[in-house]
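First chain A sits with chain B, and in the next complex the same chain sits with chain C.
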Partner chain A sequence: MTVPFLRMENISKSFPGVQALKGVNFEANQGEVVALIGANGAGKSTLMNVLGGNVIPDEGKILINGKEVNIHSPLDAARHGIAFVHQEMAVLPTMSIADTMFISNFPYKNGLIDYKTINKRCIFILKRLGCNFDPGTKIRNLSPGSQQLVEIGRALLMDPKIIIFDEPTSSLTSHEKEHLFKIINSLKSEGAVIIYISHMLDEVFRICDRAIVLRNGETVGGGRISELTYDDIVKLMIGSKQIDQYYGYKQRIIGDPILKVEHMSRKGVLDNICFELKKGEVVGLWGLLGSGRTEVARALVGLDPIDTGDFYICVSDKLEKIKQSETKNYIGMITENRREEGLLLPMSVRHNMSLANLRGLTNGFLPFIQNKKEKELTQKFVDRLDIKIANQNQRVETLSGGNQQKVIIGRWLQKNPIIYIMDEPTRGLDVGAKSDIRNIINELAESGAAILLISSEIEEIMSVSDRYLVMRRGRIVKELSRDATKEELMLAAAGA
Partner chain B sequence: MLTEKKSEEIPLRPKKVSRFTYAAFTLGNWSHYFPYLLLIIVFVVVSLFVPYFLTLSNQVSVLIQASSLALMAIGQAVVLISGGIDLSMPGIMALGAIFGAMFMREGGSPLIAALIMLVIPVILGMINGFSVSYLNMIPFVVTLAMQAITSGAAILVTNQVSISHLPKSFTGTIMGNVMGIPVPILTVVILTIIIQLILTRSYFGRWLYATGTNIRTALVSGVPAKKVIFLAYAFSGLMAGVTAIILTARLASASPQMGKDALIMDIIAAAAVGGVSTMGGVGTAINAAVGAIIIILINNVMNMANVSYYLTLVIKGAIIIVVVAIDAVRRR
Partner chain C sequence: MKQKKNIVTNFNLHDFLFTYGFLFVIVAVIVYFAIAANNFFSITTIFSVLLNAAPLFVIASGLAFVIMTANIDISVGSIAFLSSAIGALLISRMHISIWLALVIIVLMGALMGVLNGFIVVRLKVKPMIATLGTQLAFRGIGLQLTNSMVVSLPDSLRQIGNIKFGPIYLSVVISLLVLVIVWAIHTRTSFGRQVMAIGNGVGVAEKLGVKVKWVTFGAFVFSGLMAGLGGILMTLQIGAVTPTSGTGYEFNAIAMLVIGGVSLFGGEGSILPGIFIGGITLAVIETGLNYVGASVYVYPFVRGGVIFLSMFADALKTRVKPRVKMMTDDEIVFSTVHPIEG
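Let's look at the complex of A and B:
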């Protein structure tokens, strides 16, 4: 084989606290669709952001057509014929298709934008993508799939030689998906290098020629798709590292259902979600990024609206139907964005910890908070969760991530709900704090609470869950027992 | 006192915090002490330049002047803490005053007139609150439009003529003394204490600060943030109403002039100088009241010095920008 068209050599990049890429090599040829596969946080996006000029690597070099190139910005990348079709579309809803496509590169004539040229090229590219929108159509009037096509059109504008697709199908209908595959195939036959990032193994097997698997910032394997099976790829994704699956796990006594969700749907986001949580049970809600895990959690506590759905909760001894707006009275919610949605950063530990339980701190008659009660309760949970603080007036933004997370958990312990939802409760925490949080989850379950745990770390979810609900594309596609293996979980989530 | 340490360095030693200083909990001590420091400086400067300033009767008259601004600054503070802004307070206040005064002119009872002066502003405040919280409208736009509506309506219903000859039982009672203290001052003192207590010691106050600090966190934690915002605007309407009563009595008349646009400058300047953050989550009622006294003193000294009205606008606008800039820099 001759020199590959694109070659990335020994790329390394570290972010504060994490080495995202550890000397990754990657190559691709013209007329080839290469799948870049890996679990959440494996380094796929970082690697492609290096190629797209969004991230400057610490080490390593990029060769195109055998010549070394310097890519320091998305503009450099574009100059070298690299186009990036992002997963999250950076569209401008109130602008037209033509404006969106040319936003960074308007052609001028006599000092004014040359709409004649723009419209001509726009129509040409839209035709190539097989759609016949008027270039003046506003983006907000297009379906998500068509918006994605516009994004692709924008990438094609530069006549790129290398096109990166990052999870391009996540918002597409199956019809639109077929259409996208056709476009990819035609680009391929025109000799472009196509890099396809996806969680969805069925798609990878459909359209890719070769796969490269990343894990923890390293290339762990790959090969021609025709010579690989689903199992091979899943094994590469999760590795052979044996984790202590039963870390701290004790068989718990699981009681009666205390929460039942039926037919919870929201158009385009959640599709007929039904499940139950039982007393003393930890349920792992597992799925890849964008599968709808977080959306389930948010809808469950009324933070996001739903189209349909019934909620039942067991208050005394039987399940009673309640409204969506009432669920939050029974559920403690720990969101994935600790700083943006979890904490009142400039406020004190005490005020953060009492936030959910303020009415419980009054004497029940006057609306005033009893200082002594507040201090005592705060101290009780600071001690119980072993939160390291100088005093209760310390501002919560000065705490470490682990202690901040414990403050949020302490907030809910003060309120003492019967159900907890924890969305990525250990994200960004060190090993010690992670194991603390896991212990707290176990303790809570033993004390009779029901816990819905969302985590991108398969080891974490496996170490505490009593059973799993696996999500894909906004649906719960499978329920697995605690005995499920890593491979089963990964296969169910990746859509095999 | 004016220097701010890096946030990391502050709290690692136990700190005794007095019970009325919620701001001290949240953003260091600056926003708590700064208004008092400024008050002392302004007070000293004014007493040096203005003859007879230090006489008791003059002090009392300054405080009476400050009382109506203080009430509105407190109402504004509550809205600012919630993360919004209320630009319609002058117009709402004037419209309430005018309807109440018209009722008395037609021979209505002063008590019911006072009630009218409270109820109309509260209803208008509730409309603001509903638009901002439940309809997700931008506070600036809603309340600016409300200011236009109310001040325009005030001119329409009065034909630009002020309503005077109000019954003595109204003006006399409001401008009278209780235990030797003028009623306007007493009202401000009592209301300030009650509102300060509600802000710093009640769960509603905590909800308000939480909503203004981070509405997303507040919602996730089960705080009824929309209701809180709605009530904040209704409350600022109520404060505009109380002001309407006091100001009508003091002027012995009600006129559309009361609701002139420039008044909002004084209200926001008072709140800002009092350390109420225009970015939400920080401020107290006492500080807003202190800010009102500072602004009144500045107004008086500029009056004495024969500074043109338009220059005072320039100066007050500049004060707002400087104070808000300090706040913004500190928050980065």
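Let's look at the complex of A and C:
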């Protein structure tokens, strides 16, 4: 058997608290499109960041064409012919295509930038990508898909041997997607190694020759695409481990709808989102990274603008139509990044917890906050949620992750909304804290609140939800009942 | 070149209006004054307008680089004052040669730019506060050195200030020449392009391999250097350095830039025709007010109003922009013959 062109041996990498890669092996040949598949947090991106020089591995080596290479920076990677087309595009809206492509190494002639050469090369590369833009076109006048072509164009400048595409279709329209696939095919036929990171199975089956599946930082399987089925891959992605216990789940009494969302759309992000939340119900909003879960939550509380959409809230026994700007009065939002978006880290526990309810702490029409009231209320919820603090004046940044999360929940409990949105509420927490949070979710539901839960951990979402909404590409593609299996959920999200 | 037809044209009306919308303002202003003031529309007026704008053209062209990186430098007026005060003192007291003095003035300007750049890039002080501090400090040093007195230039130098090519003063010629050179630096060197990249987003620029710190530092040094050069023109025009030389120049320069389409949010604008248009607009307004015999107290009011309006327009632009970016599928133009497959 011939030596593979690219070989990554025994790559390990740990970040504080997580072992992201555990001795992964990876091979790819020239003229081949290899899919790198895995659920959220499986280590796909970390592995490719190692190859792209953005992450230095703790262990392992990389061989290109049989020779070991050292890659310590993106520049090293470029020197070895590795190009990385990132999911998040780095574009300069006010500058031209040519400038964006050449910004870090302009060719010079007579002390001035040689735009003649640049334009020539630019047009050549754009042609290769099958588009006909003038190199002077400003990036902001391009659609996201065309912007990505510029990114790919920049990667091609270096004449790479290995090209990594990280979720390249996440912001593309179907038309643009087809175009991208054509490009990938032609690059492949020119003998490049293509690595295609995705969790969209339909795409993988369309254009890839071989698949490698990662789970929890390990290679768990793979093979030629022609010999695999959707089910094989989904099984590899989620593993055989069954959910050991339906964590304390009790059938709850589910009441009438208290929130109804109709036709919520935002161009390029959300597509006709319609759903209902009922009293005492936990709804799991499930989908893979970038499917639009967080965007739904943000639009729901008015953090992001929407193009169309109607909201109905049950105030007194009847659903009434309200404006997007009013929804936040009824919804408590627990954001994805508690440290950046949820907490005011240098402030005290008490001040963090009273933040959503400042008006409730004043007396009569005077705008002064009643210290005593604030203290009492804080103590009430510290006790109820069992938050471990030295005293109420402790700075929030000194608390553990679990306690920080409880502070945020406590903040909303003070305000007592009828709907809670929890975006990744247990991310980065230890097992004990996770089960605490799940308990709280159950309690809240039992007390009659409606909860929309977003989580990347399938076990977690399955342990508390009464119903699932599955999202893909900014759309709710499926509604599943509580007895849906893990496979069903994963298949719906990955697009089978 | 047959393919030329297929290529999406460079010209975009929307872009043009965004950047040079103030062209309409200048036309409106000129028309107004042409009607309100007799013989406003004459060759002499045009050259007096240009003369007024000359030192500011130079100062603004340097400041543009700082603003394009989404920073700001409000010490340029004081740099112009201090560097030219040092030069004038060296000539009148130490009797050094004029050419050496000119070089020293420019170098002093650059040196003050180095200090600004160091404070902003290295010490990470907000540029507004950093340069507000140096603005006060530089003027203070200058007042101390000159004892708050007028330092006159020797007659030989004064005559240089009066040199004319036909109806055009030397300082106008120099300032236009400088604009062309700076325009080349902005559009045809990596420094100029990378300044724009930083203005688009520090993180993005870094990702693309731009040495953000060095380029930002360079922008401050360049701004200082051009302020020194502008100081020379300013001094030549008056024939002396006065304690109030250069006061308010920073805001006039900023107004000039913003009117000319340089965004305070960074990454946008041009030296030519941007600064030229901005400078002319501002100068036309002032000269025009002079012609209609407006009270001196009206000047700052009008100038303030113009600055406010231009900045408001700038803010409006950023609000509208994201909508423009979205384009639909069909607007992508594919080549008829696929270069790879066809």
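Simple rule for what comes next: the second predicted complex is superposed on the first by the 495 of 496 C-alpha atoms of A that agree within 3 Å, B and C clash if a C-alpha of one lies under 4 Å from a C-alpha of the other, contacts with A are read in each partner's own complex, and residues count from 1 in each chain.
The rule is short, and it goes like this: contacts are C-beta pairs under 8 Å (C-beta built on N, C-alpha and C of every residue); 3 or more make two chains touch, one makes a residue touch a chain.
Keep in mind that what you see is a predicted model, and the values were worked out from it rather than measured.
**Q** Where does A:Gly130 make contact in the superposed view: on chain B (first), on chain C (second), on both, or on neither?
**A** After superposing on A, A:Gly130 lies in contact with chain C but is clear of chain B.
**Q** For A:Lys380, decide between first (touching chain B), second (touching chain C), both and neither.
**A** So A:Lys380 meets neither chain B nor chain C here.
**Q** By the touch definition at the top of the document, which applies to A:Met333: first (chain B), second (chain C), both, or neither?
**A** A:Met333: touches chain B, not chain C.
**Q** In the superposed view, which residues of chain A touch chain B and also chain C?
**A** none
**Q** Residues of chain B touching chain A in their complex?
**A** So the residues of chain B touching chain A come out as 7-8, 10-15, 17, 19, 25-27, 197-198, 201-204, 206-207, 209-210, 213-214, 216-223, 281.
**Q** In the complex of these two chains, what residues of chain A are touching chain C?
**A** Listed in rising order, the residues are 74-75, 90-95, 99-100, 103-106, 111-113, 115, 127-128, 130-134, 136-138, 140-143, 145-146, 173, 175-176, 179, 182, 186, 267-268.
**Q** In their complex, what parts of chain C are in touch with chain A?
**A** It comes out as residues 3, 6-10, 12, 15, 184, 187-190, 193-194, 196-197, 199-201, 204-205, 207-210, 267-268, 321, 324-329, 331-335, 338-341.
**Q** Residues of chain A touching chain B in their complex?
**A** For this pair, the touching residues of chain A are 301, 303, 328-329, 333, 335, 337, 340-348, 351, 354-356, 358-359, 361-362, 366-369, 371, 390-391, 393-395, 397-398, 411, 415.
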